[in-house]
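In the two complexes below, chain A is the common chain; its partner is chain B in one and chain C in the other.
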Partner chain A sequence: MAKLLDQQRYKCALGAMQTVQAITRAIPILHSGPGCAQKLSDSIGSSGYFSPNIFPCTSINEKDVVFGGVKKLETTIENALKVIDADLYVVLTGCIPEIVGDDTGEVVSRFADAGKPVIYASTAGFKGNNYRGHEQVIDAIVDQYLRKADDRQKGLVNIWADVPYQDLFWLGNIRELERLIAELGLEPNTIFGYQRGIENINRVPKAEFNLLVSPWVSVGNMKKMEKKLGIPYLHYPTLPIGAFETSKFLREVGKFAGVPEEKVEELINRHENYYYYLIERYADMFLETRVMAKQFSVVADAQYALGITKFLVNDLGLVPAGQYIVDDTPKQFREEIKKEFANLNYGLKAEVSFETDAYKIHNEIKKHDYHGYPLILGSYYEKEVVEELFGHYLNISWPVQDKVVLDDSYVGYTGGIRLIEDIYSVAVQRWN
Partner chain B sequence: MAYKIAVASSDGVHIDRTFGAASAFRIYEVTDREYAETEIRSVSDDASPGSEGTASDGGMGGCQGGREACRGIGCSGNQGMTAKVETVSDCRCVICARIGFPALKQLERRAVKVFDVTCTVEEALEKITAYFYRADTHQPFRHAGTRE
Partner chain C sequence: MAIHLENSNVATRESRIGSITGYIGTLSDLAKQSGCGTLKGCSRCFSQSSSCLSTCALGQLAAIRDVAIIHHGPAGCSVEGARRYYLERTLAKKRGVTNNTVYVGTGMDENDTIFGAADTLRQIILEVYRRYSPKAIFVSSSCATGIIGEDIDSVVDDVREEIDVPVAAVHCEGFKSRIWATGFDISDHAILSSVVKPPRQKRDTINFKNFYESARPEIIEMFRNFDLEPIFLYCNSTIEELSHISESLATTCICGTLGNYLGNGLEEKYGVPYIRTINPLGVAGFETWLREIGKVTGRKDKVERYIEEQRAIYIPQIEEVKKELKGLKAVLGMGPGYTFEVSRVLNELGIEVVWALAWHYDKKYENGDVPPSMEYLLDNDIDFEASVADQQNYEVMNILHKYQPDLYLSRHPGSTVWAIKNGTPAVYVADEYMIFGYKHTLEFAQAVLDSIHNRSFEKNLARRVKLPYTDWWYEQKVDTFLEEAGR
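Our next item is the complex of A and B:
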């Protein structure tokens, strides 16, 4: 019998068109059927230069399955170069041309002398979801565009974190990570978002090291850059949210980059003082046991499930119930991620399951005894089940339907405060 | 499984007629991957204005000279097209140099596929029959238009 997947929380690899879109003045050229992009588009997001979701597309159909879509691809790239003023053209292939066997690489290679870089990423849906597609796009940039730099710039750090647009807070998060790195006296370099783009991509090979803040997404990219560009990397698996994790993060990055310890501690001290000043002002609310749920579950990708679980346990002292990772994490990373969930303060451990089926997740949530109202942080799909249980609900992962985020962030000390505000706003609204 | 293919070709070698301009279609009968020309089917002379307009043609008909709103905007209606579509409606696909949107839609309604290509009749038939054979025998579509 066919296996059904209820309410999946990701898109197919072609969803990486949003990764391209997040690079200012980069444009995806889609070699796919006309419906693919339409299905994959979210209403949010523009590159700041091109209109969102209006991309050149070969719109291949049955005729191209029989006669091959190579010719159409060539003319589409050719005309895109003529009419669209972009800095980087990224050809993304959908399932159909990959099944039929169009040699996209060969067609793209004909544009080596086009004057503007044209690269391609194989993002057929059957090869994985958009987290993998995101990796494919970065791989394509590294493989086909970047060259090893002769000289490296001391203190320059490339930061890689969330998947743009899949993660609602990607822009705010990466900017906050930049700020933290800058405060350490290092120079951050990122390729996504406002006032970033091809110049930043060109600087990538010059960096002293790569900093990856993610449990598993882009680990492969880091390895590739280490091998091809000779850039070492620091893999920090937990998204630092709140004081405990952010201080730990700063110490680890500082140590890796050789920042003097006094400087790091001074920085941490300054931030923590303000952070705990804010917490203390509302201490009576945090200590009032009736306000907040006793136990919580996070239903999100590995990045948020891990980051938020650590924050709620280590900073707020809540007790973790089952945690659900819904991004179809590749098997080779699962053990490492599980270990992180077992490594919480106060000797606590969180049960974590890698589950993509909402039906099963919701059954688990309904079955669990949260000792009162549950606190569930998840996607919009969780709203109904939390309403049934009369719990506290906050929409933090894709798909997001009841929240508008422009450049809000949950990263760092301020990010922790923002998350506390959001969670407790939900709770106090219930009681007032 | 046997089926028919209609080809808009004047000489049987090149696909040199658009759907609209074709006065006849060469009908090929295909069994598995073998094909042979069986008849030349002329488009009937009934394909004249006013002969269509039934509900069965997908709502495309019935506009002939009737609608005030359509007058004077250069639309010549679907005259002749419905009858022409009927001529090939028993075929699995039509191969022609080009086709207009209304005719394409009418053929789609009758589950007749259209391949608008410019190559030789032989090449088109080779590729299309190979493709249909793969579809019918549940084989993968990798290089679908080839025979190996």
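Our next item is the complex of A and C:
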């Protein structure tokens, strides 16, 4: 049902064009109105080998609404194959063709012998947000392109994480997850970012297992791959940020993959030594900053709300105030996610609300007593309310206007250090 | 033109003023064909994505201070609210005012496309009013609500009884026009029909329609010489200010595409003259425009004094820079409100336009004339290859590849990078005042020089990247995918 999106935190399912764009040399073909791509792209960092103004689009007009846009879709795909040098063409349907009933699947099937793969995903805006659209694209790849492999490669691990572009740090994060997995002696395979494209998609069915690092996004994709491709999966719900969670992550993945325990412990030890060398040097900064209360709130999607809460509590010893998950998490995942927020060091439990109405969130933040100047990590929408409270603000979730990120990451030991740098770069701006 | 303020719907540019988005030929042919009424415009059997009229319409309205935009549709339609949140605050801060405009969505889902969501929309309008007490509320449709026939007019009529500020329905189905500038007309229509009041007194003000008012202080200063006070629209305008724009002595606009509906509407409805000269870009444009304002507002002498004074300062400097620009070849791609204006300025500066792309083309202005910028070029025997393409990047790249100009000029986000990947220096003529008056014409000329003096960035990038278009495409003619309209 329709609802008030006051300071909205996500796009619509067609936003999945950015998921396609994140796959090297894959291009979305939009069966939609002329302006959807421009609206759904972010102005900073959305160019590349392809950019939204390169995306072929049927640019549906009034006549197509009445008579259907099937013919236009066919010529658009046909000519996209001629004009644009890509490895994978993903047709994405917007609102109009899905309401008027264009048979997109039938049109796409005419290109089965095109020489390059052409697939399609149902991403009408009214079908859900871009987190769901992201899942639709991965499902389309699995359903329409991938085949079960005859033999699987021991130690090959597909890594899946949150939504490219929606997640400011997507590129750096997935690269860091790859590095961690490689350090365990496994071979990571991902399909997003620099030099990750069709070859990586082709390797997906050969993996020994899928590793999903996300509270809920792509759980459905994992189940589908388990069923269709026979690939088991490990679901690790918390984005590992900082030493505590990353070490836990390495132990869990190591155990699942059968990596010898001493090898895992040696790796953890090496990383933690360096991590605490840095922390030791800066511990007085954490202890003696006059302007930051011990309590904090995160206003973000489930991934960062959970990951950052665990980091700030378990690594830095802060205390969670209300945490706000704004990604419209499907109801069936909410209980499990809540349990994670109740699983913090020293029996601490974080109050978490699934709320998409910023007006309510901001009222709660204003009402809460943080026992000092709060630390709030959130979207650009939180900037003003934090200023009113003389708090510390860091823009870590969409929409982002306060930070430019090229390939920075908050994942792993290094990611924890980066997040500390960012938080305290804000805090040191004030003396008292 | 005839404007019908009693109806909340505005006819598209295509049907109202015969605008087109597909043409390839020359400037003179384009003008000739529009003059004798044979210009039909082509469609394309292949296109790349462009822009949505709702972004123009609601972007304009959201720039007004302390109003509410309610975009009724799926979450993707209202995603513009995120950008506007940032823009409104940033623009207000620069001006030293506050702007509490809110732009919300209704997050329509699949169920709503079957049963409609008029009741929820009504609740949302009332809730937004309760939360933020906006000074006006604009309720917009979207593609999805348009197709299912959601009656936003009735909802708006209904809530008017409970809300004591202007509430207007704004029809923004993205599929109804390929010309996003239709959105500008939609916003003007909403302002004319729901906010502007009949004049009670004439005032020494001039309505100045622009985008982001970056040159506001200097324009206020300039008009002070003529005892005129500019009212900048709609960025940081208040509803109160807008209600009085019928009392101004004239209306002018930095971009003909942006302002012609409002300008003509105010003239037709309230007799406020609309300045229809070439635009104040470059020397000829600035002087022609100023003189017309002098004439219309009865301030000829003051204007002449100002021109003389300013010429003495700037013309020698402009002449000096021109020496270095002479002989450069340029391709440009912009909205029609800029393409033919900037072409004139480039000609003034001694830069040869080899190809000009306009993102659309209005055959006639609302008053039935050929656009003045075109007329000027033809009267001065300036002709070049020209095409009309709604930001079709593959056509731009084909042209740049064939002509390898010294310079590409464009005004739309995400466009310049494609030129530099081709190894062509690009100048982003983003700010609407970038070539305004003598001073900015000089700055513009210097910016062009700076862009071509250091080509490191584009050479470095072009050397490393592969372009996404096939060799096949570069061998084709630019008009390969154009089809006669109606086919």
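Going forward, the second predicted complex is superposed on the first by the 419 of 432 C-alpha atoms of A that agree within 3 Å, B and C clash if a C-alpha of one lies under 4 Å from a C-alpha of the other, contacts with A are read in each partner's own complex, and residues count from 1 in each chain.
Rule of thumb we're sticking to: a residue touches a chain if its C-beta (ideal position, glycine included) is under 8 Å from a C-beta of that chain, and two chains touch if they have at least 3 such contacts.
Everything numeric in this text was worked out from a predicted model, so none of it was measured.
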| item | value |
| --- | --- |
| Superposed partners chain B and chain C on chain A - clash or fit | clash |
| Which superposed partner A:215 touches (first chain B, second chain C, both, neither) | neither |
| Which superposed partner A:100 touches (first chain B, second chain C, both, neither) | both |
| Partner chain(s) touched by A:188 [first = chain B, second = chain C, both, neither] | neither |
| Touching partner for A:37 - first (chain B), second (chain C), both, neither | second |
| Which superposed partner A:76 touches (first chain B, second chain C, both, neither) | second |
| Which superposed partner A:12 touches (first chain B, second chain C, both, neither) | second |
| Chain B versus chain C, judged by how many residues of chain A each one touches | C |
| Chain B versus chain C as contact partner of A:197, first or second or both or neither | neither |
| Touching partner for A:67 - first (chain B), second (chain C), both, neither | first |
| When the two complexes are fitted on chain A, the stretch of chain C hitting chain B, from 363-371, 399-407 or 453-461 | 363-371 |
| Doubly contacted chain A residues - partners chain C and chain B | 62, 65, 99-100 |
| List of chain A residues in touch with chain B within their complex | 62-63, 65-68, 99-101 |
| In the complex with chain A, residue positions of chain B that touch it | 113, 115-117, 119, 127-128, 131, 140-145 |
| Residues of chain C touching chain A in the complex | 45-55, 72-83, 85-86, 89, 102, 104-113, 117, 120-121, 124, 127-128, 131, 142-144, 147-148, 174-176, 178, 180, 390-391, 393-394, 413-415, 417-418, 465-466, 468-470, 472-473, 481 |
| Contact footprint of chain C on chain A as seen in their complex | 1-8, 10-15, 27, 30, 33-41, 43, 46-47, 49-62, 64-65, 72, 75-76, 79-80, 82-86, 94-96, 99-100, 124-129, 356, 359, 380-381, 384, 398-399, 401 |
